[in-house]
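Everything on this sheet refers to the single structure shown next.
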Amino acid sequence: MQKVVKTALAALSFAAVTASPSLAADPIKIGSVLSATGPAAFLGEPEAKTLQLYVEKVNAAGGLLGRKLELVTYDDGSDAAKANGFAKRLIEDDKVDVILGGTTTGATMGMVPLVEKGEIPFISLAGAVVIVEPTKKWVFKTPHTDRMAAEKIFADMKKRGLTKLALVSETSGFGQSGRKETIASAAKAGIEIVADETYGPKDTDVTAQLTKIKGLAGTQAILVFGLGQGPAIVTKNIAQLGITLPHYESHGVASEEYIKLSGAAAEGVRLPAAALIVADALPASDPQKPVVTGYAKAYADAFKSEVSTFGGHAYDALMIYADAVKRAGTTDKAKVRDAIEATKGFVGTGGVVNMKADDHMGLDLSAFRMLEIKGGKWTLVD
Amino acid sequence: MLRVENLTKSFGGVTAVSGVGFEVAKGTIHAVIGPNGAGKTTLFNLITGIYTPSSGSIRFEGVEIGGRAPERLAALGMSRTFQNLQISMNLTAIDNVMTGAHLGLNSSLLAGMFGIPDLGGRERAARVRAAELMEFVGCGAYVGAEAGSMPYGALKRLEIARALMAKPRILFLDEPAAGLNHTETHEIEELIAALGKSGVTVVLVEHDMKLVMNVSDRIVVLDYGKKLAEGTPAEIRVNPDVVAAYLGAESEGV
Amino acid sequence: MSQFLQLLFSGLTVGATYALSALGFSMIYNASGVINFAQGEFIMLGGMVAAVLTASGLPLPLAVLAAIVVVALVGLIVEKLAIEPARDADITSIIIITIGVSMIVRGVVEVTMGKGSRALPHFSGETPIALGGATLLPQSLWVMAVTAVVVAGLAVFFGRTRLGKGILATAHNRLAAQLVGVDVKKVLLTSFGLAAALGAVGGVLIAPIATTSYDAGLMLGLKGFVAATFGGLGSGVGAIAGGVLLGLIETMTAGYVSSSYKDAVPFVLVLVILVVRPRGLFGLGPSERV
Amino acid sequence: MSEASTPPTIGRSSPEITAAALATAPGFRSRHLPVIVLAVVLAALPTVLPNAYYYDVAIRILANAVLAIALNLLIGYCGQISLGHAGFFGLGAYGSAILTTHRDWTAPMALLASAAIVGVVAWVVARVILRLKGHYLAMATLGLGIIVTIVLTNEASLTGGPDGMSVGDMKLFGLRLTGEKVWYPVFAILLVFAVVLAANLVESPAGRALRALHGSEVAARVVGIDTASFKTRVFVLSAVVAAVMGSLTAHYLGFITPQVASFHKSVELVTMVVVGGMASIWGSVFGAALLSLLPDLLARFEGFETVIFGVILVATMIFLPRGMVPSLARLVRREGR
C-alpha cells in the first residue's frame, strides 16, 4: 500500500524520485509485464502467480548470490501498447535487472525495441517464432514456438497416414501467427491445407465454418489453432456436427480448463504439449519428471488450482535467469545475457534447454509430447 | 415581396395546409391567425424552409424558394422566431444574438483557429450591435447573462434580437406574445409596430387578437389548413366566416 | 441444402440470443432514452452466476432461477444508484455512466469469480438431433423456445398490464404519462430490472453452448446494440427481427463468404441501413416539433 | 421604447451599451494567461522529470490531451458523439507504418498522406452519417471504428495482423526523432498549439456557430448556419488531428497493434472529454491527464483497478455532471461571490 501511495504521489506531481544508488545488499529486481487481465488473462494469471510463488521460494532458500529477489509486476491488460509503457517504467524507473514476460507476442514485440535499446536481459513468455527469429541480442523466450507445434502435429499425422488438413485458426495474435507458421511449414512436411477458416476469440458459434469443412471431400484431419475458450467451442461444434475426423489442437489449449469446457467432445483430441501437464504419467526415467512434478505440486498446493503449461513458461524463465546469474556470479546485465545464451542442459517444465548464439529458445521437437485426451484425462501418445 | 400560391403540405394521410395562397407586400405587417391546429405554424415552417411543401409555390422577390433549406433562405434575407423557444442554452445571451450575424462574419474554421475573424474589427462591431439590439427589444439588462439564467419573457425578446441581428428583409414571428402577461404583450406590440415603421416586412402568427388587430396591415385567416379569409383588420373583424369559425372554436372551449 | 439448413439452425440459435440482448436494449431505451452499455454485462453475469452456483452443487433449475433473480436485483441497483441520480445528464454522459457500470460489474465478477471460462451443463443433454442432414443441439431448441415464450410474455405484459402500458406511455411521452398518473420512477426501475432479467435469461441459455467468462459481456452487448439498431431502437418487433437477422447474416457470411470478415459485415450493414432508414427497419419516423 | 419611434434605425448605440457589450467579449488575459502558464509548466517540466519513464507518461498525457481537445470540438462544442474516433487514430498510425515500411516513403510524407486519406474518408463518412442523431450516430461511429479494427487485424500481409508491426524512426529536417527526450518537446509544442488554436476557434464566429447548433439546430439554421457543413468540417478536423497524432504516436512507440484503433481506445477518448468537461478545452487537458495516469496509479490494485476505474467514471458523472473542470470552476465562482 505504501508503494501505491508513493507511486501515486510520484506520478501525479512528477516529483523527482531519487533513484537510490545500488548497494551490495540491494535486492535483485525482477521486472515483469504480464497480461493478468484482458483476453489473455488465462495465460497471464498463472504466469504472475508462478513468479510470485517462486520468487518467495528462492528468497526462502537464501536468495541469489546472497541477495533477495524483488518482483515488480505490471498488468498490461492484454494491450501491447501498455506493455510498451510498462517496460519503460521497469527499465527507467524501477531499474530492474531483468524483464520476464510479455504474455502475448504483441506485448513482447512492443517491448523488444526498448530492451534492445536499454540493454537488459529479456525472457519472453510468448509463443511466436518472430520473437527469436531473427535472433535479437537481448531477447530470449521459454515457450515452444507455434512452428514447432505445427511440425509436431505434421509428424503425428504422417505416422497416421493423414495428409489433407483443414485448418481453423483464431483471429487472435496466437491463432494468426499459428496459422502463418502452419501454412508455411505444411508443404515441406508434405501436408496439404485443404481449408483455411477463422473464428473470433469471442465467437459463440463456429458451426458455419465447420459446416463448410464438413462439406469438403477428402479432408482427413482438422487442426484448430487458438487459445482459451474459443477452441472449446470449436470442439463442441465439431461433435455437434458429427464430424469424426482426427482432431488436433495446438499447445494453446494445454490446460485442464479446455477439457472441462469441452466435456465429452474433447475425447480423442490430440495436441502437442509440454511434459508438464502429464507430469504423473511420465516414466520415472524421464529427465523432466522431477522438475515438472515438483512445480505442479508446488503450484497446486499454493493456489489450489491445476497447473497450466503457461505458468510453467514463467517458471522456466525465472529459473533460466537464476541459473545464469549463478554461473555469471554477478547481476551485471551484459554478463548475465552471455550466461543465458550459454545455457546448456537446463531442465525446465517446457523441455531441456540448450541455447546458442543463433537459438535464443533452445528447445527442439523432443520438448513437445503428443498427447491424446482419453476418458477426460491427458495421456501420452508415444 | 412574398407570394404564396396554392401551398399544400400533407403528413402521411393528414393534410395540414391545403391550397393556401396570399401575398405580402414590402414594408407591411401581415398576420396569420386561426384556431389551434389551423396550420399556422406549419405554414411558417413551409415558408422558412423547415418543411418541404407537398405542392404549390412560394416566391420570394420573384424567386421560387419552396423546399429550400433554411440556411439558404437566411442568405436571402429571411429570418424568424419560434413558437417553442429555440435558444442555445449553452451560449451566453449576447452570443445567441451574435449568431444572427453569422452570414456577415468570417466563419471559416481555419480563420477561426488562427484568430483572423476579428482582424477587421467586424466581430467587435457585431458584439456592440448585438447589445444595441438587446437594448432595443427590451432585454438590455441581460447583456452579460447566460441564456440559461434568463426568464421566459426575456428569452422571447432575445429571439427577436437574434432574428434582427441577421438584418432581415422579411421577419417571421411565431406567436411572439405567447405565454406573456398583459404588460409584456403590450410592449411586444409596440416593438412590432416599431419594426414595421423601420421598414422591415413582418409576418406574424399570433393568438392575441388585440395585438393582431392593432399592428397588422393585413390578416390571413386559416381554418383546418385552408384559407378562410384575408383582408384588413377592419374587414376581418366583420367577416361572418371568421366570426363563425372563432365562435365555433370558442364554444368548443378553446 | 443440408449445409444451408445447418447454417440456418446456427443462425437462428445465435440470433435468438442477440434478440434477447436487443430486447433488453430496447426496453431500457423506451423507458428512459438511455442506451445501456452494461446490457452485455447482465448477460455475462447471468451465465457466470448460474455456472458458479451449479459448480458448487446447486441443482441446475435452482441455479438458473437464482441467477435471474440476482441479475434482476443488480439491474435495479444499477438504476437506483447510477441512472436515476443522473436523469438530466446529456446522452454522452449517460453513455459514459453505463460504460462505467459495465466496468464495475465486469471487475467485480473478475475478482470474485475468477478469470477462467466456465461452462453450464446443457439443460437436456448434448446428443445432437439430426434434421434433414443437419444437426441441432437440444440446447438450441431451448434457446429458441424460451425466446419465443419471453417474447409472448412481453407482448402480454405490454398489452394487458397496467405497468406494461405505463412503460409504453412513458416511452411515448414522459410528461404526458406523468400527467395521467404513471409513476415514471417506478417505470424506469421496472424496465431496468426487466432488461437485466432478460439479459440473464439470455446468458443462462447461451452459456452451455458458448461457455462464459468475465469478459464475454462486451461482445454480446455490442451485438445486441447492433441488433436493436437494425430493427429500430425502442421497437420490440424490431429488436427480435434485428437479432435474428444479425445471427443469420453472421453465420451465412461465415459459411458462404469469409469467416474473417463475418464480424465486419453486420457493422457495414447497420451503416447501410441507417443511411437508407435513419431509424432502423421498424423505427418510427422523426417527430420533432418546432 | 422612445427610440423606436424614430425610424429607420433599429437599435441605438450609446457609450454605456458599447461598454457593456465589450465587457462580454472574451478578454485577452483570461484567454492567453492560462496558455502562457501551460507553456511555462511544459517547458519547466523536464527539469523535474527524473527519467525516461516519466517523460513517457508525460508524452502519453500530451498526445491524449491533443486528441481529447479535437474530439471535444466535435462532442462537447458541436454536440455530435463519436464512439469510433480511435479508428481514425489507427488509420493514421497504420497509414504511416505501412507507407514507411512497405513503400519506403519518408515519414513526413507518409504522415501527410495518411492525414489526407483520413480527411477524405472522414468527409465521405460524415456526409452520410452526420444526418443521424443521438444513439444512431453513436452506433454508426462505433461500427466504423470496429470495421477499421477488423480490417487492420485481418489484412496481416500489410499490417502484421493482431500481433502488430514495428514502425521506424521519424526523420524531420535531417533530425532523427527517437527517444522520449526528443519526442517530449514535439508533443508539448503540439499541445500548446492545440490549446491556442482550439481556444481561438471556439471564440470565433465559426466556434459560436458550432455551439449554437449544439444548443438548437433549427435556430442555427434559420440564421444562416449551414449545420451540415459545420458538422462535417468539425468531424473531418478532429479525424485529421486524430490521424496525425496516430502517425506521430506510431513513430514514437516504434510498435503498433490493431488495439490502437479499438473500441476500448475510442471509449477512453470520449471518457477523457466527458470526465474532463464537455465544451471545455482545459477540461480535455485535465481529463486526458487524469485518465492517462489512472491506469498507472491503479496498476498495483491487482484486479480491482477495473472496478475503481468504473466507480470513478460513474461518480464523476453523477456528482460533477458537466465534467470536472467546468463543475469545479462553477463551484469556485460561486464560492468567490
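Lettered A, B, C and D in written order, each chain numbered from 1.
In this section, contacts are C-beta pairs under 8 Å (C-beta built on N, C-alpha and C of every residue); 3 or more make two chains touch, one makes a residue touch a chain.
Please read all numbers here as calculations on a predicted model, not as lab measurements.
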Show me the overlap between the contact partners of chain A and those of chain C. D
Central chain (by mean CA position): D
Busiest chain-chain interface by contact pairs, anyone? B-D
Euclidean distance of C-alpha centroids - chain B vs chain D, Å: 38
Mean-CA-position distance for chain D and chain A (Å): 38
Between chain A and chain B, what distance separates the C-alpha centroids? Give it in angstrom. 72
If you average the CA atoms of chain C and of chain D, how far apart do the two points sit, in angstrom? 33
Using the touch rule from the top of the page, what residues of chain D touch 2 or more other chains? 154, 218, 303, 305-306
Can you list the chain B residues in contact with two or more other chains? 50, 82, 86
On chain C, where are the residues touching two or more other chains? 110, 218, 260, 263, 290
Of chain C, residues touching chain D in the complex: 29, 35, 82, 85-86, 88-97, 99-108, 110-111, 218, 222, 225-226, 229, 233, 260-261, 263-264, 267-268, 270-271, 274-275, 278-280, 290
Write out the stretch or stretches of chain D touching chain C in their complex. 75, 81, 83, 128-129, 131-136, 138-140, 142-144, 146-147, 150-151, 154, 218, 263, 267, 270-271, 274-275, 278, 303-314, 317-318, 321
So in the complex, the part of chain A that touches chain C is made up of which residues? 37-39, 41-42, 45, 171, 197-200, 202, 204-209, 211-212, 214-215, 228-229, 232-233, 236, 239-242, 257, 260-261, 263-265
Where on chain D does chain A make contact in their complex? 45, 48-54, 56-58, 60, 153-154, 156, 161-164, 166, 180, 253-257, 259-260, 264, 293, 295-297, 299-303, 305-306
What residues on chain C touch chain A, complex-wise? 3, 6-7, 9-11, 13-14, 17, 110, 115-119, 126, 128, 130, 135, 137, 206, 209-211, 213, 215-216, 218-220, 250-252, 254-255, 259-260, 262-263
